[in-house]
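Pasting the structures here.
Shared between the two complexes below is chain A, which has chain B as its partner in the first and chain C in the second.
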Partner chain A sequence: MRRPSWRVESAPAVGGVGGSRALAYVPDDGGFALYNDYAEGVSVLSTAASRPEDEPAVFWRADRDRVRPHTLAPATEIDGYGIFTFPYGPISMGVPESGRFDVRTYGERVLGLVPVGGFKSRRIRDAVVGRPVVDAALLVERMAGNFSAAHVSAFLAAAESAEAKEVPTAEYWVRGLAQELQRIYNHLHLIARVAEAASQNVGLAQTHALAEEVLRVQAEFFGHRWLFGALIPGGPARRLAPADRHGLSERLGHLAEEFERLWLLFLESRTFIDRIQSTCPVARSEAIRWGAVGPTLRASGVAWDDRLRIPVPPYDDLFVPLPQESGGDALARVTVRAEEIRASFLILEQILDRWAAAGTENEPAGTPVAPGRGIGRVEAPSGDLVYDVRVTAGKVDALQLRSPSRANWPVFAAGMRDAVFTDFHFALESFGFAFAETDG
Partner chain B sequence: MDLLGALLSAAVLGFFAGAVLSLLRRDLGYATSLVASVLLLVSAVGALAWGSFTGLAWGGPLGEPESLGLDGLSAFFALATSIVWIATSAYSLAYDDRSSPSLAFCYALTLGSIALLVTSSDLLVFLIGWETMTLASYGMILQARGRSDRVFSAAFVFLAFGEASTLLVVVAVAGLRVMSGSFAEVPVAVAGATASVVFLAGLIGFGLKMGVAPFHMSEWLPIAHSSAPSNASAVLSSTLTLAGAYGLFRVLSLLPSPPPLWWGAVMLGIGAISVLLGALFAAVSEHTKGLPAYSTIENNGLILVALGIALIARADGLTDLYVFALFAAFYQALAHAIAKTALFLSAGYIEHSTHTFDLNSTQGRAKDADRAARLGTIAATLSLAAAPPLAGFVSEWMVLEALFQSYRFSPEWVQFVGLLSGAAVALAAGLILVAMVKFLGFSFLWKPKPSATRTRARGLAGPIGAVGAVVLGIGVGAPWLIRFIAPTVASFAQGPVVAPVGGLLSVPDGWSILSGSPFGILSPPVVPLGIAAGAAVAFGYYLFGGRSPTRRVDPWMAGSPPGRDGETYTSFGYSTGIRIMMRSVLETREVRTGTGVGDPDAATPPFAYNVDLEVLDVFKIFYDGLVRTGDAVSSALKSGVMSGRLGRYLAYILVVTLAVVIYVAAAA
Partner chain C sequence: MIVVASWLEQSMTRGILTSRYPKEAASDDEVPPTGRPPLPVGGPAPGPRARDSCPVGAISDTEVDQGKCIRCARCVAAGLTFTGPVEAATRSRSDLMRLSDGPAPSPGSPPPLASLGRSLHVFLVDVGSCNACNLEVLALANPYYDAQRLGIFFTNSPRHADVLLVVGVPTPEMVEPLRRAYEALPGPKAVVAVGACPISGGAFAGVRDLAPSLEGIVPVDVFLPGCPPPPVAILDALLKLNGRDRAARGGR
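So, the complex of A and B:
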């Protein structure tokens, strides 16, 4: 097995940002390359072979060697008197998942940081091979429990595209509904974790209570707190009859009100704001250079959202707000998330309101990128999630994914340079990472 | 001349004989020093127990009688230095493996000079001893291994400060001679401007040797920069500074009493600043000898603090506080000298077993040391960190108790000085804890890396362990020791004193130290009794109850395999927090060199650069500037006056001659 390697490639300026070098994560067989030129508003998805020679690039290759510990950002060679590597994790207080951070330091300050993954691999990517698509989906949604709707939606979209299969439009609407609900849950969860790091105990408890309420709503209307099994085409019955939709709408209205009250309290807390302001700043140029995605990217002043750039039903039919901040720090990331909670409530309202518009017809089949191979792409809570699936005779043949966590790790590592230890939790929690989806 | 006098004379002469014998054989010099130290110890104990006595006597060149002898004050310093020297001499027998006898020669000569100046009964012999001591210890520093230009410059700094000190001491002695009309150590009655000149010259002159701020460079630089031999470092840091303290105590005891209020206040201020700076620099030092050297600055500062409190209390007529603070000053001097000896000896042990002075590279490689060396170092570091029931704990408690009573001072501005000094000493107590934990943890306690090579240093452990036992002994036996050194305080105060010792509740009378009437109380012997009682219960349970098989595991490293190279906390990292917090004092700055530094594209890998976090001693910058200015002035004079032009040179001589003639004529 080859270890993944980072390589510097010469390339023209990235998206109008000066500099002649860009980071390339060189793909090998079976992987795919992804290039986002955010400034130009172009997204190119291609296999390595088809990449134009002069194309500036930020590439990820699907990690082939996921099981053994491997670095998720370029290594740092920082040396000096008294400097050492402080291994933080995989089993440490404050590291919420099994993952390690190799912190290069002379004490107190983070001179360089490298996230190390591979401790949480459950080999889901291998386990799905040879299974029917529906069975595989049940495994894929366990990639990261709190992102299940995004993962299964992206996977199904990829598989359907690979099989050139028509899907009822209503399925897309259900996926949209579930994804927005789960986005609200995740953003609330993230705010709670940042509040916990800042010792905002009241804010923590109230935000958790709200997040729990969202989980209960999911349980009530989709039969599972984490939406497991709920998005399988023709899967378990969903309680989305007109009367139920009305009830759901009312529940969500209450939640939105509660959230507004709560967010106001957060904004009034100097302790909370002080701890996250100017923490782990990611400049716009850095975000583009490293290929950041999701709220992290939007907090650095880049307007990019898959729901708007690559619209699929129901988003092509809805008004999708695009919150954006320019600070690039933890405060900006948390603010974008809070704004996105509002946006998701608005989107949910539209979905429930215009449910009937989905109709009963089928969506036309997508074009496979190659025979039997499809790409599915959704805006997960933490950003752009891409699945690359090969299907042969109704069974999954190969699966690769590029999770938002995978894309944002190098950004986090870059932002943490020259920070102090105590910033770590505010910084980490503000990105919304999951080692689970990185390791698979 | 009675028996004690004969012993004392034999001791002093013995050191000089040792210096001569060392030229024949190295070991002979150290062995003779060891015997002479024992004799000195016996005569010091005798003087404290049965009163002062005189030994060898002769007629001085100026027609005044001169003699060797011990009174209460000198007996105390003879006691402290001889305990140190017994340990260092025994240690030197195993430590010094050089082919040249120079180190042994200078060592014995330094000891002899200090013994001479402590036991001399008149100031002229004191001066001779003082100057010989400076020159002999200059010779010891020159014996350091390593880059010779570094060694030479360090030794030169030592000599420069040493000669400045001698000049000022000469001024002080001359002032005393003017006031009393004799070189004999007799108190002068009249206060006035001359007395203040003597006080200031003495404070700065002896302060230079004690290494107090702002002259602390004279203490740390020769030891740390040249990495002077460990036995020499111990003698320099423990007893050379003790000689400075002796000189200061002696001159103060001769000056009029009660002293002006500002004397004590100045001394208290200088002491507090030294305490803080010494502790701060010790906490951020990574040098196995530099760290103890900085700690010496801190401890000598504590002596000045206690002495300053005593002088203020005397001026304010607070007799109980005066006596208590004096006891604190003496006890502090003793506690520090002995613990610091063990620390330098263990630095030599680390040097022998790991061949490094860098605490970052030591990384626990001394952990497999002989048990005696480990226990001795543990006792010494804990004592210097003021942990009960060790000597340093008692002395720190006494100094703080004295400081707490500064509210009794008048007028208010002196209270304010006391308040600020108290805060500085308390902060320093925390900082020195960091320093000592670092020294101990990174040398003797840490589990060594599997790859680390280590060798035992034969014959060095015994003296370290013995000194550690003494540290424990004088800590636990503090009440009795304090009563024993009462003649010293009486000799300084020129009158009978009552030792601040008593009892409380069910603690027997005489087991406790009392600070003030009544203020605080501490019973050093009860502390270890309490610890022992607790330990006995636990040991009994271990023996008869819950004895379970011993389980040995690797330290938990967050789930990663432990002990990988480069993944262990460095001693530098341990104190970086202090470097950053105190950056306004330490002038902390980060220096980055290498590719990609300062380059906006540096975010692109590979990151490869060097980061160094540096701290500076602002006073060293000051002295460096002074040296540069001196160089500039002297070369300007050289080119201006001694330019080789005869006319200009003759004109210069003419002007000077005329000036002298006019001055003499005017004076006549």
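So, the complex of A and C:
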């Protein structure tokens, strides 16, 4: 049994942070901000009022003014003869989700780009209010179906912190397994999408096949291809008895081998490497300045991973490799993801081993201690995901989140400055965005 | 389980295998545990205990509305099982209440649209999805499901399409873009509502501001339940439009 931390007792402490830092979280109600201080390797809570005016997160002001939900303001006004704004979307070819990009251009070069979200807003933040935690979780897992395990894990961690509720160890193991499997799926899917956009055919079919296989493993062991229902306390869908876990372990070994074979195909393909090298580069300083998270941040040379820096169980007790690149381009982002697939297989193996050794199967769930407010943070496939949840009498009072997509949009916009428009698709795909989780 | 492992192994070493669906029935690997509609065990009436277990009100005392079901499996403890036909798409909304009668359409159900011809040109519109439905639709284009072999082609513009696949629950922001996309289809045209979201709001049913269903915005020709429906079910839904689905071919 473990009792989660990150319960917000009262007004959060104001932390002075120096060195290189990036904003992690600004809730719409302006409650507080959370900084990752990369120089010190810590996260710091601070009130919004203490934020300097030249805060890197330019999009925050647009939010506060409610110009339009999730409109990211352009860094600079670009003007000149023949320059116009080309609205791309919300329904646009090649982007499988609804969202818009306002592209500032005079033809072929992208001078500036503003991602405009809000089209897919299903009002989840409002809709969960008043619902019991287990029912709210049904909506939270649909925040982004392909990142459901991360969202539910962060949400539950926040709710459990809020109520200071003890959690059976096995629940954490299940969350770890689900998150790592889904990370593998998303990274594979991203590699396939980038390869497709870059017209790379070698290995493409196999990548799709492997991604499909991961979905089938999820269906078989968690009851659902997208893990819906699998992490909700008392959820009936999953079956992970010792014998099932043994079967899962065998399947994973097989998948890991196939992945090694597959990744070799990509590394040997000069055309693929050449095409994505130097595309949409994000320098280390830019990544920090614009608040990049996840593989995007690590591809720009910053060694930060929530699973290592601020681990929630089970990650506090596991060996988590930290792949890093310094190029900051699409190639670096794809390489980090590929390395992370390997890392995830290793983590999955560790969880299954620990679980088998510990043999804790049927610990009862704890009871809520008090109403309150808690924060849940996990390393989602595309990066740091933060939930801030208030719970009273088992029901959600308020919910805010800062998704990795939300954090990385300005980074993408910065990387696309001066790019050619033909790079747009695979530059976009190399970040692993979801408008769904940005809009909520 | 062994079967899948060998499927993957073969596809890796000898090129990609392609699904046998709809020539053959969907294999167990292609249908996830929650991929079929939930039905009451041993009788048509679910009963009050099942009714109370459902978080989205899909279950009444007498029937299960598959158009609302989000496949959460909570009703399993109250006597329902996922045993309905994986080919769950229907041509009329009310047929989604009668899936326990088997996959055959009800007598009043509209016939296939002869005007569409043998090949379908499909455009995907997301009006507020969680992405899972989008990804299941996209999977049809990958070499395993290879929708092209069945004359199904994805287009880059609604102007080149005759079928609109709609995923997600219509948000107010997407109503106009959706209408415009529909009008851009040259016709003859058809609309498929993919998943619980566009049919009934699904998990988001009753949320303020969101449209209660796609039907009030554009006419719907095929209703495909699921959350999300598995790729084979989406294939079937498309093929039901032009009468080339497995049931029409005489398969069961």
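The definition used in the following text is that the second predicted complex is superposed on the first by the 362 of 440 C-alpha atoms of A that agree within 3 Å, B and C clash if a C-alpha of one lies under 4 Å from a C-alpha of the other, contacts with A are read in each partner's own complex, and residues count from 1 in each chain.
Definition applied: a contact is a pair of C-beta atoms (placed from the backbone, for glycine too) under 8 Å apart; a residue touches a chain by one contact, two chains touch by 3 or more.
Quick caveat: nothing in here was measured; it's all calculated off a predicted structure.
Shared-chain residue A:L267: touches no atom of chain B or chain C. In the superposition on chain A, contact is made by A:E286 with chain B only, not with chain C.
Between chain B and chain C, the partner in contact with more residues of chain A is C. Look at A:P90: by the touch rule set out above, it reaches both chain B and chain C. In the overlay built on the shared chain, the residue A:G82 is in contact with chain B alone; chain C does not reach it. Of the two partner chains placed by superposition, only chain C is touched by A:A144; chain B is not.
By the touch criterion defined above, A:V202 reaches neither chain B nor chain C. Of the two partner chains placed by the overlay, neither chain B nor chain C lies in contact with A:A370.
Once chain A of one complex is fitted onto chain A of the other, the partner contacts of A:E108 are limited to chain B, with no touch recorded for chain C. When the two structures are aligned on the shared chain, A:E213 is found in touch with chain C, with no touch to chain B. Chain A residues 90-91, 98, 119 lie at the interface with chain B in one structure and with chain C in the other.
Of all residues in chain A, only 90-91, 93-94, 96-98, 118-124, 126-127, 135, 138-139, 142-146, 148, 189, 205-206, 208-210, 212-213, 216, 219-220, 223-226, 228-229, 235-237, 247, 251, 254-255, 258, 261-262, 434, 436 touch chain C in the complex they form. On chain C, the positions that touch chain A within their shared complex are 1, 4-5, 8-9, 11-12, 15-16, 29, 32-35, 55, 70-74, 76-77, 124-136, 138-139, 142-144, 156-158, 168-169, 171, 173-174, 177, 181, 203-204, 207-210, 227-228, 230.
Every residue of chain B that touches chain A in the complex is listed here, in rising order: 286, 360, 557-560, 566-577, 580, 600-601, 603-613. Those residues of chain A lying in contact with chain B across their complex are 6, 8, 18-19, 21-23, 74-92, 95, 98, 100, 105-109, 111-112, 119, 286, 289-290, 414.
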